[in-house]
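Heads up, the next two complexes both have chain A, just with different partners, chain B and then chain C.
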Partner chain A sequence: MQTILSIAADSLAYGMVLFVISIGLSVTMGLMKVVNLAHGAFAMIGGYVASYATQQMGLPFGIAVIAAIVCTVLVAIPLERLLYRRIYGAPELTQVLMSIGITFAIIGIANFVMGPTLKTIALPEQLQGPVDLGFRSIAAHKLFAVAVGIVVAGGLWLLVERTPFGVRLRAAVDDAAMAEALGVKTKAVYAISFALAIGLAALGGVVGAQLLPIEPYYALHYMVTFLVVVSVGGAGSIAGALAASLILGLVQTTARYLAPEYGEFFFYLAVIAIVCTFPNGLLGRSK
Partner chain B sequence: MSDMPVNSVTTRSWQRTALGDFWAVAAVALVAGALFLLFPTNLALLTRIIAVMLLVLSLDLVTGFSGVATLGHATLFGAGAYAAGIFAARFGVTDPLLMLAIGAVAGALAGAVTSLVILRGHGLSQLVLSIAVVSLAHEAANKLSAWTGGSDGLSGIAPSPLFGLFRFDLFGRTAFFMAVGLLLVVFVVLRIVVRSPFGMLCRGIKQDPVRVRAMGAPVYFTLVKMYAIAGAVAGLGGALSAIATKVVGLDSLSFTTSAEALVMLVVGGTGKLFGALVGTLVFVWFEDRVSAINPFHWLTIIGVLLIGVVLFAPKGLVGAAESLWARVRGRRS
Partner chain C sequence: MKKLFLASLALALTSSVAFADTIKIGVVGPFSGPASLQGRNFQAGIDAWLAVNGNTIGDHTIEIVYRDLPAADPAQSAALTQELIVSEGVQYLAGYYYTPDAMAAAPILEEGNVPMVVFNAATSAIVNASPYVVRTSFTTWQTSTPMAAVARERGINKAMTVVSDYGPGVDAETAFVTAFGGAGGEVVESVRMPMNTNDFSPMMQRIKDSGAEAVFAFLPAGPATLGFMQAYVENGLKDAGVTLLAPGDLTQEPDLVALGTNALGLLTTFHYAVSHDSPENAAFVEAASKAIGNAADLSFPAVGAYDGMYVISKMIEATGGNQDAAAAVEAVKGLSWTSPRGPVSINPENRHITQNIYLREVAQEDGRYINKEIQTFEAQTDPGWKAP
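Now for the complex of A and B:
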């Protein structure tokens, strides 16, 4: 019983971190049809900025989070203008290669600027200690990650389903040409969504830094994980990404508790099973 | 060259393709000979390049010619390498040609089996399935360390002399010549496969699977067959690397190797057999040189190069050279 509750608590935290990072990727993939393997690299940049802000500059955690999001978006905007815009609508393979290229370049530059060592983010006191849940105590930063995940999921749902911007966004997803004809500025919608997606990646990188430590190869290590989450959940679906994150987080954490010597074997077995059964993802639309 | 006059191929065009094959083989052999004379101390690297070339050629068959997007192609390479290595180290099958054959069979089997999974997806889900397949194989090889040596690598491979005559020497001369011979044979066979009706069918599937199906050709089965052929080629590459280096590591079965193979193919040019060769040679050679200085600089350079190729030379180095050549000729005439 103790083990089951521990697994449940840890997988919830891990799954929520996966969700916060992957949902941005899901948005770009569902909306702009771009397979952006560099998404993890943006999460990594966010982590680096937060680390630098808290450790070197001594800024408080809250400001560091905001700085991380702003800086990462500022890095991403010229990339979107110069590079991503040329591969909208290109075949998947082209997009994969371009974004792998961007990832490699970011890894190399990150190592050059920040060095190859692990970087930590100084947490405020409230997030450092353990919190007693009754059956066990859990690290406060994990609870914080869960809370952030819930807020992000709720906020995105409100944004997409209940605001005028959400209406335009859904229209652009369904039929970009028609939406354009009806006066929706699809380019602006794309730009805002892209910035939103990158901002969420940065947020996820900071919040998840305790579970997915920040180092130059972060972008490569977790590239696959984020891509898998989106594919399992179905590109463009918030609920799908949430379900996929929680399921895959559960599989991964359970396997780590019960059969650590198998590594990620069961994780990928689950991925194959789910993707073969639901080729468009759990809640994705059929093409 | 056994280019049978299958359709309405006249003797004339038969001669032309045979001549084309001859010049292609001569070009590859010439480059191999030149590299052998120029870099006699780097034969191990050159042999490794040829092993990787076989992997990239194999990837070209499924990605460049048949349009299957995969980031897990090292599965087939690793299957060949581990099969040849395990048979040599555990069962005493040390004849190099037999090891190559075992590698080819294992690669073909792995290709046929994994294609059943990978071909179920399209676009993104296909990519994710291929990644999942290679990661699964990687974890399995890691777990079955009694057979594969796990993360320490599989050692104890001692190939016997080639044809019973040529020992695998310290300088890697025998391995190099065997590799070049193997590459030439595979290259010619693949040229024939690619222009055969079967190869044309695969190109048709790449362009429009729905139409090919409407014409009555079996899309899924054709791709499985192509995957098996590609598996045999990649398996040969794996077996070659097992023979030449005498160890098999887990990295021969990794996502990173798969992604690198795709990068090499794209840098060289997809859908062209020469593209696979040129891309591999350029990539591995520069990787060896630059990463000796600093592996991270290498990552930056290859990243920028990749972006440049996607934006400015979508047909790869070979494609860019071809259009440059066509321009020069157009100006002259």
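Now for the complex of A and C:
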């Protein structure tokens, strides 16, 4: 029983970290139909900014998180105007090639500017150390990640499903020409959603940094994991991404505890099984 | 007339040695990509040696030719090695960060008449791949074995091993299990973790459940060590008194800044600490810090490269600059000198370096985290080497 509860706690925490860090990609891929392989690179920029703000400048964690999101979005705006805008609606291969190119450029710059070593983000005292759950102790920053995950999931759902902006976004995604004819400024809608996705990437980079440490190759290392979460959950579906993160987190954590020698076997077995049963992802819409 | 011709011919034949010439050394290493820090350390070690000793040996000028191999890639390693020998005309090969790369290049050496000095790759079997391989780094067996004695001295009877699931990890596990069992301890469980593990909490829970008093861990230097150390502290193993023992890869100096207080007090065994207290090391650290630009980036591959350059310089001296791999390797068998890491020698039997292995404790000094040497295991050979 102890073991089961313990695995459940670890799974929830790991799954939520996966969710926070992948949801931005789900937004770009599902709502904006852009295969943005530079998602990990933006998460990494967020992590670097937060690390610099807390370690070098000594700013408090809360301000560092906001700074990370703002700075990453500021970096992304010119990229959106000059590069991404050209590939909206382009064939997927074009999108993949360009965004992977951007990723390599960002890796090179990060390596040059920040150096090849690991960077950590200083956590406030409340988030350090273990918290006693009764049956076991768990790291406080993991509980924080769970909380952030819940807030992000709820907030996004409200935004997309219950606000005028959400209506415009869904309209622009379904039929851009018709939406424009009806007076929706699709370019502005796209720009805002892109900024939102990048902001989420940066937030994920910061919140997830305790499990996925910030270093120049971060941008490539974890890209496969993010893509798996999005494809299992169904691109563009918030609930799908949440379900996928939790299921994959559970499978991965259980396998790591009970049969670590099998490596990623059970993780990918689960992925194959889910994708075979639900070709569009758990809650994805058919094309 | 004929006499004059003969005389000039004789002069031409004998003078190839006397004339100053350039001897090229080809260095293969990860100078870009995820392990570029280690490649830069190769470069820093070489540059430091050249800065201290100059780039001439006798009448010969040394020229270093670098080739970049960003990730372990045996086919590419063989291709680069061949290119260095054939088109660059290098007389010596050096570097090689990963075992598969060194293994792939070794079969070319005899045909090319070129010795190879391995600056890092740490699997015992590499020296058996060719009689022209000399190694100035360490083997995982060499750095892991003394840890068993350390554990027993601290009264630990039951230990568990946790290693990354690849060659050096398996080496570390076998070395520790063999030595710990031999010293009367019991290994209750051995777990191999997949290379790309990032959440170590489940592993820590398993260590707790195993009832071991200590855990022996091996992870390659790099990002994973951070998550591992953090999980060890956050899951309460440090507070519960479960001792963490590891070879020094886990706490290489550039990573210590990030590991921070989590690593304080951690015991590791390794062949080199940047903080080693000796005049040779002080001179080395000064020169190598200047070469790498930032003293905090300095790590163990630099000392492998520095000593490797010393070995190559002795080879050049012994062969008078002529290309003779067999004579060059023969000349350094049994060579002993004082390295920045302490007294070392080349074991004539397997051409691997015999050296002190130090027990170190992560400590904080003047606001910096260091690997503080607290015990010395003198003149350790490679216990993992088996005669072919």
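We adopt the following convention: the second predicted complex is superposed on the first by the 287 of 287 C-alpha atoms of A that agree within 3 Å, B and C clash if a C-alpha of one lies under 4 Å from a C-alpha of the other, contacts with A are read in each partner's own complex, and residues count from 1 in each chain.
As a working rule, a residue touches a chain if its C-beta (ideal position, glycine included) is under 8 Å from a C-beta of that chain, and two chains touch if they have at least 3 such contacts.
The model shown is predicted, which means the values in this text are computed figures rather than measured ones.
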Next on the checklist: For A:139, using the defined touch cut-off, is the partner it touches chain B, chain C, both, or neither? Pick first, second, both or neither.
Outcome noted: second
Checklist entry - When the two structures are overlaid on chain A, which partner does A:94 contact: first (chain B), second (chain C), both, or neither? => result first
Item to check | Which of chain B and chain C A:235 touches, first, second, both or neither | outcome: first
Next on the checklist: Applying the document's definition of touch, where does A:111 land relative to chain B and chain C: first, second, both, or neither?
Outcome noted: both
Item to check | First (chain B), second (chain C), both or neither touched by A:227 | outcome: first
Checklist entry - Thinking of the overlay built on chain A, is A:272 touched by chain B (first), by chain C (second), by both, or by neither? => result first
Checklist entry - Should A:119 be classified as contacting the first partner (chain B), the second (chain C), both, or neither? => result second
Next on the checklist: Quick check for you: in the superposed arrangement, does A:261 touch first (chain B), second (chain C), both or neither?
Outcome noted: both
Item to check | Contacts on chain A seen with chain B and repeated with chain C across the two complexes | outcome: 111, 116, 216, 261, 263-264
Item to check | Contact footprint of chain B on chain A as seen in their complex | outcome: 29, 35, 83, 86-87, 92-94, 96-98, 100-109, 111-112, 116, 216, 220, 224, 227-228, 230-232, 235, 261-265, 268-269, 271-272, 275-276, 279-281, 287
Item to check | Of chain B, residues touching chain A in the complex | outcome: 63, 69, 71, 117, 120-125, 127-129, 131-133, 135-136, 139-140, 142-143, 255-256, 259, 262-263, 266, 270, 296-307, 309-311, 314
Item to check | Complex contacts: residues of chain A adjacent to chain C | outcome: 3, 6-7, 10, 13-14, 111, 115-120, 129-130, 136-139, 142, 210-213, 215-218, 221-222, 252-254, 256-257, 260-261, 263-264
Checklist entry - What does chain C use to touch chain A in their complex? => result 33-34, 36-37, 40, 165, 191-199, 201-203, 205-206, 209, 222-223, 226-227, 230-231, 234-236, 254-255, 257-258, 260, 294, 296-297
